[in-house]
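Each in structure tokens, the structures are laid out below.
Shared between the two complexes below is chain A, which pairs with chain B and chain C, respectively.
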Partner chain A sequence: MTQPNMLQRVDAYPTRVIAGLKVRAGRVSPFGATLVPGGVNFAVFSRHATSCVLVLFEKGAKAPFAELPFPEEFRVGDVYAMTVFELDHENLEYGYRMDGPNDAQAGHRFDPSVVLMDPYSRLIGGRDVWGQQPDWSMAYQHRSRVLQDDFDWEQDRPLEIPAEDLVVYEMHVRSFTRHPSSNVRHPGTFAAIRQKIPYLKSLGINCVELMPVYEFDEFENSSVNPVTGQTRYNYWGYSTVGFFAPKAGYAATGALGMQADEFKALVKDLHKNGIEVMLDVVFNHTAEGDHRGPTISFRGLDNKTYYMLTPEGWYYNFSGCGNTLNCNNPVVRHVVLDCLRYWVAEYHIDGFRFDLAAILGRDPTGVPLANPPLLETLANDPILGRTKLVAEAWDAGGLYQVGSFPAYGRWAEWNGKYRDTVRKFLKGEMGQVPDLSLRLQGSPDLYYGRGTAASVNFLTCHDGFTLCDLVSYNDKHNEANGENNNDGANDNNSWNCGWEGETNDSDIITLRRRQMKNALALLMVSQGVPMILSGDEVGRTQHGNNNTYCHDNELNWFDWWQVEENAELLRFAQQIVAFRHAHPALRHRDHMRFCDYVGSGLPDVSWHGTQAWRPDWSGTSRVLAFLLDGRHAKGGTVVDDDIYVAINSYWDALEFEIPALPGGRQWRVAVNTGAASPEDAFPHGQEPLLQNQQRCLVGGRSILILVGR
Partner chain B sequence: MCLISLFEAPMSTSLTIALRNEVLTATIAGNIDGQTAPALQAQLLDALSPVTAAVFEVSQVPYMSSAGFRMLLLAYRSLAIRNGRLALAGLSEEIRDTMAMTGFLDFFLLCNSLDEALEQVRNDSTQHAATR
Partner chain C sequence: MSFTVASSFNSGVAHLTLAGRLDANTAGQFKAEIEKIAEERPTVVALFVQDLEYMASAGIRMLVFTKQKLGAQTDIYVIGAQPQIVHTLEMTGVDKSVIFADSFELAATN
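Entry: the complex of A and B
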């Protein structure tokens, strides 16, 4: 039975008038400002406040046009809720005043003179255009707005690509297209990324991991570089203002308040092109800093609930950024859960990478928990049921959990050990071979039983050197950051190939390019989930700066001229990514078993050295080779070519004895980083037959990859 | 051709609705934003209910906010569920750019002139809208 004209609801009508506006007691859930029939429903939590006032502004106005105290009967438990009717929600901004004890030692910092941003704001005004000087005379800086969240997704939803099949590309929204060479209509925006989707597809990546896109304040702790006169910003954005709102300054339509639609259009378009979207999320601290920081939202709403506090009422600082979000308080846990559910359901986000995730496993006094409720909740949540969850499994308080992060069968980790070992091996350090073999198999020593995809393998990420700088600098050069080169990591495991920084020496340039190819090749033949840092495929340099968090300039921007200047490296990157996609043998779901369990005559993986079947695990070895049996690909569920990889990080060429293949299959050359382009990588199906099937010379600091078919 | 209604919204936005050979033509002039969109929407949805093809002539719309785009998309949806078609004629370059960036543009047939739009919605009876 159907009924085209549904009966109107009684609660679509107001019951009383406050401050000249028609209102009624609101719905306590969901938190935030929600469009309901006839009006906007406002719901906000505070456990320790004694009263609450809803403050309404016309968009951009300094003074509010109405202040509506919540009548006592509009509060249910610790939630104040009110529906206000007949608002032009498109031109509306709102906030709250909270009254309550102002006793820092007891953990309370209520101040009713301050208008507070709603922590559940789905849209935030005040930083609508990137870098535009805010009106500092405005008392209310980050302004809650109401979002009409009715985007038309058509058939879209998260792609659910098996994690082991991903090739992740870590990028910064603004950096990707801000450079003058980008040739896009609105540089530095979500919309501009859409124009570059063909490039992303040509590279072959199938997941972009976006550095923080939640609303942040680029002016937080900004300063002027005395040498260049340029502003140093909170550029990367690892300091959240609002967890539910996309950064307006990243949208070409931010000035129109349409950042949510613009970002959704980007996600939809990426999905249409087979590319997942992962967000880098920062739940360990907020932009409010310590007791000297600004009061934006949480501090004034309920300081004691939202932050980890010392017994004396000071802020614990496990994040290195002034405060620590109290993630295992049950209320805050719900904020995090609501937030992630919202981004998955409303923005179709495919996965999250949690910044300093070890903090999420600490209790309200900072002690690491054996069974952290937040991590368990996220791992078992129905809406996040197919969402990728990736932890940066350490924090600034010294908790290092790579390999031991509480995983509940769901969590993956940024594998810091992969980065460290492979970097050491690449630069020719001895004693790395046994460890390298573990990293190549998806680090079973760390993740056995959790699957290979628990290991996100990377050599470079936004923190630290770019790939080009990894082979061009022995030491960091962070002077431009204004901290006397004291910031940024010192343990880079980098090697400059004989000269610090830029050079015209063609031998050094050639060696560096080969080293970059070696790095990309190792990454792509490793079991687990490879992640590339944006720009590494074209040799992006930060001139030795390994901590470019504050630079809105060429130190961070992707230089599109390099696509042509470094076409050789880009071609290799495309080929090696395509090679990974073409070969399921590189993408096992479970770890290796070192035996033949399909009756192919070869074990799933076998290890070799310059002599077949005789790997050199000794402390002086710089050589390793391995053979992946194609009949065991993806646990024996599909048939692939056999793959043999010979890795020589010794400086001279070495002859490798190649293991013989059963069944008359022959070895063909897929990749040889020691050969000049385009013979360094052959497209799938065009690999030339190896002349001598028994032995092959592998150049100094080179990698040879053969396929057997 | 018969004139169905003439409507005056706040902020001097105007709507003229006409029916030509079973195609509804709505000529809108003035800004479409949170102030004007709700009344326009009510009028348009009413007018669209008996037809399966429509053209919105918007060359005299200098500005459209998010509410305007949503009004257009809702009109499209109300037609699409009946396998109908909606064309926009005379959309300004700036509005078109914003609609493209925010994902609204793909739903509509875009035409430079009213005549071209009328031609399009008549001929395009099988593709585009019906497939969504």
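Entry: the complex of A and C
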């Protein structure tokens, strides 16, 4: 049967002319600028505005070519909507003027002299090329554009890799390929990452977590370093200008306005290579700062709705960045939800890491909620139904929720306690063994009932020391930031191995390398979701700077020459990641039960010390060993090798008695961080038989991993 | 230079010759031509773009449209594209949906 021609809507025609342009009352949903037959539909919310004007520019023009006041009948409720016909949408930029009360004490800061960016802009102009000085004489700096969303995804969709099987790699888009050594066509861009996918695959990671890729202003609070003359930028980008738009300056095609396509092409290629994409999203505050900051969008659209305000009308500052987005206001909640849905549906994003997520659980006055509607909404949203949700479960207002973040059966957390405990243990601090055993199990003390994948385990991230610096510096060295070394964390739990900073002492260099291997090994044998900071696998250094938020230089850039220079460390990282992937016993979904529930003759996990079956939990202990029974892998659903891990953070070698295996299985050496490369890690299936099956010597500050088969 | 598009059809192969600037203002012409040749159900589409000076995002959209309108089983050749156009298509991932060639005859026989 032939389908008859479908009737098109008959009301898609102009009804009047405003400012010389044909228009009609628009559709109130979706918000933002949407292409419709014959024109562009504009819809914007403001509860407290008294009037709204649509302002249209030709791309890059200082002055608008048209200003269209919304007739009162074009407003439905609190939404102004208008369709404008016959616009050249590719050469168009738009914004709004909002009029209303300008009474800061009452929370209102309307100013019709300012053109406001649409918070639902899916494309934003004004910072098209990274670091290119903006034309500061332009009144309208961050300029809304119209995006045609279509893209040839073919069969792509989010990969839905089980969370406990992920190995996450935290990456800054620009830093990853900006270094002159990167040998890519367009350094510092989405396109350049595509060229480096073979490297990511060789490392074995299967999820990249991208530091903010939403449009931000690298010039926000920028300054010149008086020593070097270099510009210090808002480099990391934790200050959002537009939640729906990929950063143009991260795209080789940003100057052409094709950043959305370029980013989608990256996601598609990563997916083709089995790598998920997680975005670091910053909903806790915006680039507008406090009352001294620029009015870009929210402040002028409806300040009282979008921001948490004190009774006197000042900005609450739970973010440490001047303002706090009013996330549990129902309207703002919808902005967040619409945004995440958009990234999942249109960009096929696999997951999100929420910066300072504890803020998302505060009510409009800042009080932590027992049942935060936003967090519950996100956890139960159908479009986000299989999307990973990861919280940085603290904020700058002192709310610390690691282990207690409202999870609704969905949320995982960056496990800051994992980082702190393992760091302390690695540096040889006493009294850490009981806590270490919990961290190795996926922190059941924090996440029991939520599964191991609730714990995103990490030792380093963009905040703080790199892994190399963690073993090279006792103290932070942030002078280059221009804040008299007052910024950045002081509790780093780091140890310089005997000398502060760079050294030629071969003993210290060897020890540091071993400590880095120890750290990577512990991370990969821990239950939960491991996360590696980009560059740690090749010993990237920030020269002791633990807060490089402002540096567009070698302090942040991944030095690709280190791939050769530190090939030994990279090889170890590749091997230990491969070891994790090869062994489902390391990737339990649920926490351990400490018993034999499959009849294998061994409990799922057992704890040991230098004597088998006798772990030393005392306050002076620096050793721990554990045995994972392969018959209990993934809750007994698959059979794996047995895995025995002996960890010695004492400075001398110690002899460990190894537990005997039932069934004639024998121990083989998979990893020994105390051995020289390449005998520090053996590929799966090539592990040599351990000569003495009863006892083994584990070097000082070393880890031995055996597999039983 | 304004945009022009001309098409012909022969033995399952559609030939389209594009010249000028392909942008939002002119993409409609291209789209109409694609819709016209789609009715012939071609198995191969050859886009001759030697004289195409510029392709805006709307032009890229039209390549995506062409691929999706004609289906994955239809090969789309882009013949004689200028380097900046090839480059833009590579950066935006569209290069995976089409086949670049300097000569259609040579490409089609490989």
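Criterion: the second predicted complex is superposed on the first by the 703 of 709 C-alpha atoms of A that agree within 3 Å, B and C clash if a C-alpha of one lies under 4 Å from a C-alpha of the other, contacts with A are read in each partner's own complex, and residues count from 1 in each chain.
Convention: a contact is a pair of C-beta atoms (placed from the backbone, for glycine too) under 8 Å apart; a residue touches a chain by one contact, two chains touch by 3 or more.
Computed from a predicted model, the values in this text were never measured in an experiment.
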{"item": "Which superposed partner A:Ile383 touches (first chain B, second chain C, both, neither)", "value": "neither"}
{"item": "Which of chain B and chain C A:Ala12 touches, first, second, both or neither", "value": "neither"}
{"item": "Partner chain in contact with A:Asp152 - chain B first, chain C second, else both or neither", "value": "both"}
{"item": "Contact residues common to both interfaces of chain A (with chain B and with chain C)", "value": "88-91, 148, 150-152, 154, 186, 191, 251-253, 256-258, 261-262, 264-265, 268-269"}
{"item": "Chain A residues within the chain C interface of the complex", "value": "88-91, 148, 150-152, 154, 186, 191, 251-253, 256-258, 261-262, 264-266, 268-269"}
{"item": "Chain B contact footprint on chain A (complex, rising order)", "value": "88-91, 148, 150-152, 154, 185-186, 189-191, 194, 251-253, 256-258, 261-262, 264-265, 268-269"}
{"item": "Touching residues (chain side chain B, partner chain A) in the complex", "value": "33-35, 65-67, 69-70, 73, 77, 97-98, 100-104, 107, 132"}
{"item": "Parts of chain C lying in touch with chain A, wherever the complex brings them together", "value": "23-25, 56-58, 60-61, 64-65, 67-68, 72, 88, 90-94, 96-97"}
